[in-house]
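Per-chain numbering from 1; labels A, B, C, D, E and F assigned in written order.
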Amino acid sequence: MPRPDDRANDQLRTVRIQRGWLDHAEGSVLVEFGATRVLCAASVQESVPRWRRDSGLGWVTAEYAMLPRATNTRNDRESVRGRIGGRTHEISRLIGRSVRACIDFKALGENTVQLDCDVLQADGGTRTAAITGAYVALADAVSWMRGRKLLRGNPLMTSVAAVSVGVVEGEPRLDLCYEEDGAANTDMNVVCTGDGRFAEVQGTAERAPFDRSELDALLDLAAAGCAELTRLQNEALAR
Amino acid sequence: MPRPDDRANDQLRTVRIQRGWLDHAEGSVLVEFGATRVLCAASVQESVPRWRRDSGLGWVTAEYAMLPRATNTRNDRESVRGRIGGRTHEISRLIGRSVRACIDFKALGENTVQLDCDVLQADGGTRTAAITGAYVALADAVSWMRGRKLLRGNPLMTSVAAVSVGVVEGEPRLDLCYEEDGAANTDMNVVCTGDGRFAEVQGTAERAPFDRSELDALLDLAAAGCAELTRLQNEALAR
Amino acid sequence: MPRPDDRANDQLRTVRIQRGWLDHAEGSVLVEFGATRVLCAASVQESVPRWRRDSGLGWVTAEYAMLPRATNTRNDRESVRGRIGGRTHEISRLIGRSVRACIDFKALGENTVQLDCDVLQADGGTRTAAITGAYVALADAVSWMRGRKLLRGNPLMTSVAAVSVGVVEGEPRLDLCYEEDGAANTDMNVVCTGDGRFAEVQGTAERAPFDRSELDALLDLAAAGCAELTRLQNEALAR
Amino acid sequence: MPRPDDRANDQLRTVRIQRGWLDHAEGSVLVEFGATRVLCAASVQESVPRWRRDSGLGWVTAEYAMLPRATNTRNDRESVRGRIGGRTHEISRLIGRSVRACIDFKALGENTVQLDCDVLQADGGTRTAAITGAYVALADAVSWMRGRKLLRGNPLMTSVAAVSVGVVEGEPRLDLCYEEDGAANTDMNVVCTGDGRFAEVQGTAERAPFDRSELDALLDLAAAGCAELTRLQNEALAR
Amino acid sequence: MPRPDDRANDQLRTVRIQRGWLDHAEGSVLVEFGATRVLCAASVQESVPRWRRDSGLGWVTAEYAMLPRATNTRNDRESVRGRIGGRTHEISRLIGRSVRACIDFKALGENTVQLDCDVLQADGGTRTAAITGAYVALADAVSWMRGRKLLRGNPLMTSVAAVSVGVVEGEPRLDLCYEEDGAANTDMNVVCTGDGRFAEVQGTAERAPFDRSELDALLDLAAAGCAELTRLQNEALAR
Amino acid sequence: MPRPDDRANDQLRTVRIQRGWLDHAEGSVLVEFGATRVLCAASVQESVPRWRRDSGLGWVTAEYAMLPRATNTRNDRESVRGRIGGRTHEISRLIGRSVRACIDFKALGENTVQLDCDVLQADGGTRTAAITGAYVALADAVSWMRGRKLLRGNPLMTSVAAVSVGVVEGEPRLDLCYEEDGAANTDMNVVCTGDGRFAEVQGTAERAPFDRSELDALLDLAAAGCAELTRLQNEALAR
């Protein structure tokens, strides 16, 4: 089985990062990994949640959601169902933890950045696109805060980017699209910081358990993919 | 107080209607009324809700929602709050009723079209933009159904378009932006069919009650605005 | 099709307004439009919602609900379902807006009047009966407040009353009962102030869209009906 | 402390039972115990809940609720809060069990009677008034069913009535009003069948625990009160 | 029908009360009535609910729940269903009221004890086991508070214990197991204080109504059972 | 900082696996990792969820929850809050995926095993204890099914066990208790099958990102820990 879009196994899909997609948000990015399209908005609040008050520390949090027709068949809205599903909760928490990995909360001061990642269209890798885009929106929100003199220092210690990897028909592949994701044996999401270290590693055996050598090959592939995404983030931020 | 964007009182904002914005949906439109930006997706299901079964009739329904940072300050997600607010309910119902006004349910057969209108950015008139865009997405979904031979006839008896009007500082104005909406005395949303008749008229006194002559002036303005929107819808569908 | 109760097309049903139906509420009215029976209670609170504090302004809000067996077949309770339906939300909001149209919030001072409109029996026109009764309950609550010296002036700038109108078999008719409501082509709810101006106009094409001349005929009919209701409200308040 | 309305300790408040208060319900009663006013509606469904199907047996169930301004200060609606409180649940279950105590489910056949008891005004004893009224509404619904030939026999084996008793300042008293209820040491609700036996006994020590002799005195008082209520129910049903 | 475990009619099941079953809770008890096993945890908070503040009085409250596989067939979790059922509400309230019957709130001071009663395994009598165990956990929490000098006096005016009784095949029996509970005609839960008075009496006719002599026999049986449970509680607390 | 219980860095806490802790469940285990105590119940249903019907395949699913006083300070019940938190959702999903990794769904046939993992006491590693215990409960449920001839073959392809590892003060440590968990820089949960392969790897940078060599050291430690847990599971199952 060749890749549906004829990519090499270690090749990312076409990645587009459009900054300033919204007029109101302090930072906003429309990020695309191939046909996956996620709108990331960063909202700044000059306060922190109650449990964080008077600590001198800031906070960064994230929420992930999918429009009902982002996918091939329509999904009911979680607002209509009256509850958030487990998958949504899990991904929101992953994005939040990942982005917090690059933040110096002291430098942020008692400010909160809320990152909203809404999937407009899904073709695999929505959570990794969301993390990659959310970092850029966050960086823009940090610039906005710096312009308003809200910061004590530079809260961005490094950057974060994320990519999915998986074993499809015995081959480790980078940045799986939806079709590959469904065919993958092992599925892994890896979040790296700009300096090449790991913030999150989440690997799951979808069919058979995986051994250490497969795990190693996937980690290599993901680290290289994240490095390339870091380059694209920096390029976008330099524009 | 001149209009914030120097429009004439009877002038629409720049309206853009982009068809086919999503890969999966049977019809999809990104509609813009100035800075208001609504993504409308039409999803076809080859069945009807239970209460409609074995009637030979189809169904069309709509859901409206706003991304948390569509507005100037962030709003909590209704999925997180666990309940849909009254405003959302009210607008979803309005869109559904409006779009159903142009449908011949017998010709539609026992199929359902679900219209999802998600506001990506809000600057006043989100419900009227949603109705105007939803009609175009619906028309594309109808074409898709026709291609699949799912229909018994032409379910589109006419088209629908909608616009807001209001009295701002004594002057009737067409297609209010957010700033004007907040300053309006009377606020009215009008839905017209392609042949110039009314599907919905919803007028509200925001400050002082309005008299019959004001009402008449607003209805004239709205009818003309809807006629222009009908032209733009047809133009978009002809592309 | 003659009217089920042989009324003239421009004739209201028998309207009864019983004040003081409850012992505890600061104002309470059992209002009947024919077989439609709504209990309206006005509760005074000497404070305002948080977003209104320290503004010097009061607030008036409303909630509408229906007992499960108000209708021909039993409806599940919204408390049991765990969520309020769209129709209930929409009508609660309509009642609130309508009644606020007659209030001078400065004269009310930082007090809140909560209007509860509970439909004990439904035969069409429950929302218009509710608005008409709620005004009288509100007026009694205002008297109660005046007696307690809670007011800065007279918060009632005018009165409000509401009535439904519709086109049934080509004829514009006033104050539709349930049977007529189901048969109506166009259905409109109109809220007028005591001086004959409009606070709300909500017209919906139930079957075919309506044209301007139909709209005009319905508005005339509604305005006359509201004037008669205003007279009945004043009569009740004078007792 | 004399009784607020100068009743003798073993005297009921004025009890009024108005049948046929609603046009639609198969049985309906407005029952008053002094200022306590409960609307009881019986709805017949010619089927049973899923777990009861094909058993040949019927079902009777009840729901209790209070209008927001039934009480001295306004209570939030349970529909708005999105959940039913423990007290409401508890009373609904009590009414259901009590009324089922007089039913022969075989004679009822696979039919369901749903009893809705809505408190329009509360002055103590709402649950006992509800049970007393619900029985009469149920009896009327049974007559309606008999008229439609839906029954296999007479499902009413006996009647049920309920009353509260309590010890106030050392004295056992019958049918406590709200003020007495708050001052009572022991509070007991007793449900009796028409033949003088017990369907439910619920006694609670509100302040100090009670001993057997107090319990006995309260049971005597309650049994006599229920006998009198049974007489009033029969009188109402004979009208 | 002999008792499933060959007990005498006035005999309790084997009762075990294990104190200190949890490391964290201020008081904790694993209580067993035969195969019924309830974990009772007492949590101390050095504050009271808002409505109780500045009263100088403490508060004691309880929550009851059942693990999904406590019973013969699995029950869905109430957290998953998103709402607490009526039975759970009712029992939580019963436990709270019962335990509060032995408390001097002035001596407790502005502290709250929260009692959590989680049924690990159910074989009838879970609510009475919960009350019996909760008292012991509460007594341990009170000792803990005394050790911390949080108390103004001794808040335990007496003890409470509870047992179920019922009429099975015409015979009054003590402490019904699940099988007997299902076969019982009358079912009663009785809560007594350590000095032999009643805190709660809840009797329900499961099949036919019961007369005064049955009621008397059940109350005798229950009072003796509670006295025995009181002895076992004291024994456990003396260990 | 030495380990709070003086263990070697590569040493598990005392692990106890008690089978048959519940009378009703088809499999049940009380598993302890030191002071962490989780009750795992396996419930067999001879059917599958709707989306799985007529596939010939079985299903295994899991739910995780914590008693309110499992932890040092009391947590509100998720049933009372009316919604399941993100952490609970995430762990329930992890347990389900992990246990499914050892199942041959064809051999299971159209049966469902529901695993309920309720944390009675928490001292770190609740999710890994839950997975380790759930496997044993599952194995007992499989034996029960085999005894009833419900199976087509052996659905257990292998076993699963799980352990946490983390870097505390620069040292990789196995099976963290709560205190260590809070002090860990990197925190990883690893699920291995009985043959030493990986079913899940979830690593999170709690403070600073981690590099590949740290990751490798943690994976080595976890794999050895899981091998030891596998031995203890087999020992328990052999009893």
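Simple rule for what comes next: a residue touches a chain if its C-beta (ideal position, glycine included) is under 8 Å from a C-beta of that chain, and two chains touch if they have at least 3 such contacts.
Predicted model, so just to flag it, every value in this text is computed and none were measured.
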Report summary line: A correct list of chains touching both subunit B and subunit F reads A
Query raised in the report: Given that subunit B is a copy of subunit D, what angle of rotation, in degrees and a multiple of 5, matches their CA positions?
Result: 120
Query raised in the report: Which chain has its C-alpha centre farthest away from the C-alpha centre of subunit E?
Result: B
Query raised in the report: When the C-alpha atoms of subunit E and subunit F are each averaged to a single point, how far apart are the two points in Å?
Result: 33
Query raised in the report: Counting in whole Å, what is the centre-to-centre distance of subunit C and subunit F, each centre being its mean C-alpha position?
Result: 59
Report task. Find the geometric centre of each of subunit D and subunit F from their Cα atoms only, then give the gap between the two centres in Å, rounded to an integer. Result -> 51
Report task. Hunt down the residues of subunit C that sit against at least two other chains at once, touch-wise. Result -> 82-84
Query raised in the report: Okay, in this complex, where on subunit A does subunit B touch?
Result: 22-25, 28, 35, 39, 41, 43, 45, 63, 65, 67-74, 77-80, 82-84, 88, 114, 116, 118, 120-121, 123
Query raised in the report: Which residues of subunit B touch subunit C in the complex?
Result: 83-87, 89-90, 92-93, 97, 101, 158, 188, 192-193, 195-205, 208-212, 215, 219, 223
